[in-house]
Amino acid sequence: MRVGIINVTGYAGVELARILLRHPEVELVSVTGRSAAGKKLREIFPHLVDTELIVTAELDRVDVAFSALPHKDSAVECLKALEAEARVIDLSADFRLTDTAVYKAWYGVDHPAPEHLPEAVYGLVELQRERIRTARLVASPGCYPTSAILGLAPALKHELIEGQIIVDSKSGVSGAGRTLSLTTHFSEVNENTQAYGLSGHRHQPEIAQELNKLAAAGAGARGPVEVLFVPHLIPMIRGILSTCYAKLAEIPARPELQAEIRQLYRDFYAGETFVKVTDAPPQTKHVAGSNTCLVYPVVDPRTNTLVVISCIDNLVKGAAGQAVQSMNVMLGLPEATGLRQLGLYP
Amino acid sequence: MRVGIINVTGYAGVELARILLRHPEVELVSVTGRSAAGKKLREIFPHLVDTELIVTAELDRVDVAFSALPHKDSAVECLKALEAEARVIDLSADFRLTDTAVYKAWYGVDHPAPEHLPEAVYGLVELQRERIRTARLVASPGCYPTSAILGLAPALKHELIEGQIIVDSKSGVSGAGRTLSLTTHFSEVNENTQAYGLSGHRHQPEIAQELNKLAAAGAGARGPVEVLFVPHLIPMIRGILSTCYAKLAEIPARPELQAEIRQLYRDFYAGETFVKVTDAPPQTKHVAGSNTCLVYPVVDPRTNTLVVISCIDNLVKGAAGQAVQSMNVMLGLPEATGLRQLGLYP
Amino acid sequence: MRVGIINVTGYAGVELARILLRHPEVELVSVTGRSAAGKKLREIFPHLVDTELIVTAELDRVDVAFSALPHKDSAVECLKALEAEARVIDLSADFRLTDTAVYKAWYGVDHPAPEHLPEAVYGLVELQRERIRTARLVASPGCYPTSAILGLAPALKHELIEGQIIVDSKSGVSGAGRTLSLTTHFSEVNENTQAYGLSGHRHQPEIAQELNKLAAAGAGARGPVEVLFVPHLIPMIRGILSTCYAKLAEIPARPELQAEIRQLYRDFYAGETFVKVTDAPPQTKHVAGSNTCLVYPVVDPRTNTLVVISCIDNLVKGAAGQAVQSMNVMLGLPEATGLRQLGLYP
Amino acid sequence: MRVGIINVTGYAGVELARILLRHPEVELVSVTGRSAAGKKLREIFPHLVDTELIVTAELDRVDVAFSALPHKDSAVECLKALEAEARVIDLSADFRLTDTAVYKAWYGVDHPAPEHLPEAVYGLVELQRERIRTARLVASPGCYPTSAILGLAPALKHELIEGQIIVDSKSGVSGAGRTLSLTTHFSEVNENTQAYGLSGHRHQPEIAQELNKLAAAGAGARGPVEVLFVPHLIPMIRGILSTCYAKLAEIPARPELQAEIRQLYRDFYAGETFVKVTDAPPQTKHVAGSNTCLVYPVVDPRTNTLVVISCIDNLVKGAAGQAVQSMNVMLGLPEATGLRQLGLYP
């Protein structure tokens, strides 16, 4: 199988390269990048120590194409790849939101390819495995949404919570990408923590859309959920930890509820390779470099609130690893192929 | 004026020394520490480059004594200092909680000096200035409570919010002190974020107590507030950023509400030297090394929620600086004396 | 093949576990640890997400035993493993120094097993491959020596340098291990750089011994080398960057010398999987999590000095990865088996 | 006294503002910055919490002008300020090198104001105090040269060393300034160490020039010194630690030499407020935010080498603080006025 990466030079793109160069069942044959075209991949990225790949301006013919371009540009290149009969996994936001009006409101442009939205599958494998198997176009989830949705899916399916959901997320700086900005300048961001996106972050509608799908798939008695999402920038490179808060539907919280919810979570993710329900609060370091998501639900009896902590590596389960997981499903490979790397601790 | 520090060897204690050694109106004449007794202060702490103070086992006679001991031990030493006719500022939790049953529930021991609780004043100067002026015993607030209370006080006073309050705090590692533990071991905590205290953190009852005082001081129509507090450990040394969430009392949120609330906050803190209401989300780096608290209230109209971001340096406004601020008030000095150092940026 | 780790609970031990759990040709069947005996490995180390191994007090029967104990204790356990007919790879210093008097001078104890020194092979595969193939006991090199020796070997072999060698090394904090100390306490070591070991560091005699072996293996005209080694502690977790300085033997430096030396280095390491000679100054981040050593020799014509920059991940090529590389050679496996993981960038 | 800062928006400029806003004897009345002209200083830099200064395009009339512009541009503005009868302290390199040919070789441009070189005084107060007193134009030293020269001055004055000097420096990232670059992008530089400037760094000729002045001022028997300077980028914000190596003139090193040299260093810096000779290896954290330079000389008897460790905060003693120290001397103020802030530890 021949695979390719459109825009290898950002952090999601180069992380795809790191994983795909060691994937035993596919061959990375083409990587593109505008300004880097003509250069050896390992000259730009010396950690890719033994590849002879040259960055090109245009994607070669491949069976599976990953796009790591920014939104809007990404859709354009994805269409080209689809026309060239590749199966396509888009890491941008272009095919995640099903409502083009919502897309326009948050991304400020008309959707570049609305006719392809119906066939796009939201690439959260744990929740969409069957549809991904046959998908031609996968919209790989955003990093924050991945952590929030995996953390809350069991609670919504079992109608454990109701009303407003608060997602307070803490992200490493690599989530802001490789493009230079004062916000990602070392001396500005080290020894510093800040909230951002307080007037609205583009991952909010994505989280709300997917959580409401889950809420609707429950018995439906609880009605739609409201989502308040506040991301924070943390002085570390990789990792997202989302702390999710929601009122318990059953009040007051019985003493046994804690253990019951833990068990419901375990059952929900039984058989999953990449989602683990933990017995202690998880840490982002536990998943650095790995495709694992750790989820820890806990009841606060004082306020009848369910608190769920969810941890991922934003570049792996939150981006490149999850995209490769989708590819494995699309190709009928064992889902963990090429993704078994353990977290890099300490 | 002669001042002294009981237990100078922890981070709060040595930060007191840093500030008091440069305070123009008092003289630091005595510093204690058990294992370090007999050593020169600047040999243990080379940044205190020009002091000749020797650490002793017992406090010398002073006019004002600061205690930076852990709870329980602190009360014992504070009593001794009171008996020696010093005025006392206790940085431990011993005199913060007014209810001894709550103290016992959270600290696991009987209160060591319940008879002194009535005279103890909670040392949050912005809210207790008049009582501090004449206090003999000040209970200096905890770091998390300082950030949460200053962030929420105007909203509670003006009854802008109701129901449950969530305080999601992010703290630098110095808040965990100088005592060794795996949780503060560099390789474990760098490039890592984690929640902790999920089964209950000792600052929760302190926050709840003070917020309910404020709620009761309002018109009282809203009733008591519930507080859910989740602290997180961030890979930085100094700084606390608290993100506070509470439902607006007035629903739906009118468009003008954002500006009105910002103005109410400004009016509330008008004239304060150390609390500033900002027009953009504040960052912990803005206050590193300074006694400033930055507060930023913002309305989320989608969920009718008030979000307040509050930033302090946990060792200054969250501990040593705030204690010196109380001392200045007690001594009738200008409140900012010795505390005018600007944040160390970048 | 059954393999085991003696003392899995330190950073070198758990890094061995991370690598061996994913090694396709051996099975990790036994891990020991004193205080952790009886616990599940993945409870202590949640990044080892899917192993069911239990930590035990004693090593089970294995074909290859790795010891990650501190010196002296390590020799004792290595002997037991040898008696149990395992082949042994010792990551401690016990079998590195060939002279027991030097061992005693630097480690302060009599050598615990001098009779085994003759058969021990210094496990720097690139320089000792043939001897390792048949070794029963491998002394895996120290982290600093690995970086210094690989950086200087080509220069010594070709007699490019003479006289005194200065090795100024910068190490991440994980090199100081998992044992708690003020030196590795986050708030003390973050935003900080310091030199240490200025009165003599235990890796100095190891570097000197191995460099002198190389010097003696040259034509010998240059005589023995003197080594001045100064390590520094850097606020990062993984990585050693050694900057090595030595006078060029040929003075004054011809303009072509730079290119010639680069080529001699390339030739020396031609065919090596894990040592790469770079065209630009290497960075520790390029090798984080990988078994690669990057080497960059450069001539300073103003002072006729050869400067060599050498980078490794101290826990991989400087410890666990290198030990597994030795194991692969001992077992006749392709040398890179289980060690092909690329650096984790960014 | 009215003082002003030309180009307040870089890290050296804003650090000058931080210090001068709290200086008790001068008033900061004017700050310039091109793109920021018209903005409030505290909007750009929220840590300067209580100033009402507006950034302007041109400097107002001042008694002392500091220029924090890049080289070449700086000279142009310094001349304007001199013409306006201000005394000028230039933090750029423009007036540091006395030889215009050397300037051109390293900075790639003709010197913009060679006629002013004779009157410019190199602003290392500890070595040039008398000349600074009456200077109209001070060339404030570079950060690396400050650490190297203060570390080596006593050794050169007393002719303790001879031959080649190696300066291996480790610098925090703020030294690279506030201008964006991939080298200072958080995810690239955190958890990373690298050498740079290996083909020659602009601070090398400055170090060499000043050390040779010192060598010439000795008895002169040793001749000129050669300097090999290799800077390294360390993942911290502030701080330079320079490790300096030089052969002892007296060989072999007598056992007493260590103590004698320590004493010579102490005597050399006796009476200095800002240079301290330490008894243990100093750490950059000890001087963060302060104007102190810590110096630690140690003899390596194995190689007859003097090793000197020298620590400063690159933005204070290495830039803004040192410039204010020069100003104090020029104005006849006590040298430490406004510079007594202790290091911010931890």
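Residue numbering begins at 1 within each chain, and the chains themselves are lettered A, B, C and D in the order written.
FYI, contacts are C-beta pairs under 8 Å (C-beta built on N, C-alpha and C of every residue); 3 or more make two chains touch, one makes a residue touch a chain.
Not measured: the values here are computed from a predicted model.
S.K.: Any idea whether B-D or A-D has more C-beta pairs in contact?
M.R.: Spelling it out, more C-beta pairs touch across B-D than across the other pair.
S.K.: Look at all chain centres (mean of CA atoms) and spot the one farthest from the centre of chain B.
M.R.: In terms of C-alpha centroids, the chain at the greatest distance from chain B is C.
S.K.: Taking each chain's centre as the mean of its CA atoms, how far is chain B from chain D in angstrom?
M.R.: Between these chains, centre-to-centre, one finds 37 Å.
S.K.: What whole-Å value do you get for the distance between chain A and chain D if each is reduced to the mean of its CA atoms?
M.R.: Centre separation, chain A to chain D: 46 Å.
S.K.: Which residues does chain C have that touch at least 2 chains other than itself?
M.R.: 11, 172, 174, 178, 187, 190-191, 235-238, 282-283, 285, 288, 346
S.K.: Could you please specify the touching residues of chain D with respect to chain A in the complex?
M.R.: For this pair, the touching residues of chain D are 11, 172-174, 178, 180-182, 184-187, 189-191, 235-237.
S.K.: Provide the residue numbers of chain B that touch chain D in the complex, in ascending order.
M.R.: 11, 14, 18, 21-22, 45-50, 174, 178, 190-191, 237-238, 273, 276, 278, 280, 282-283, 285-290, 292, 294, 340-346
S.K.: So in the complex, the part of chain C that touches chain D is made up of which residues?
M.R.: Chain C reaches chain D through residues 164, 166, 168, 170, 172, 187-188, 190-196, 198-199, 204, 226-228, 230, 232, 234-239, 241, 243, 245, 281-285, 288, 298, 300, 302-303, 305, 307, 309, 346.
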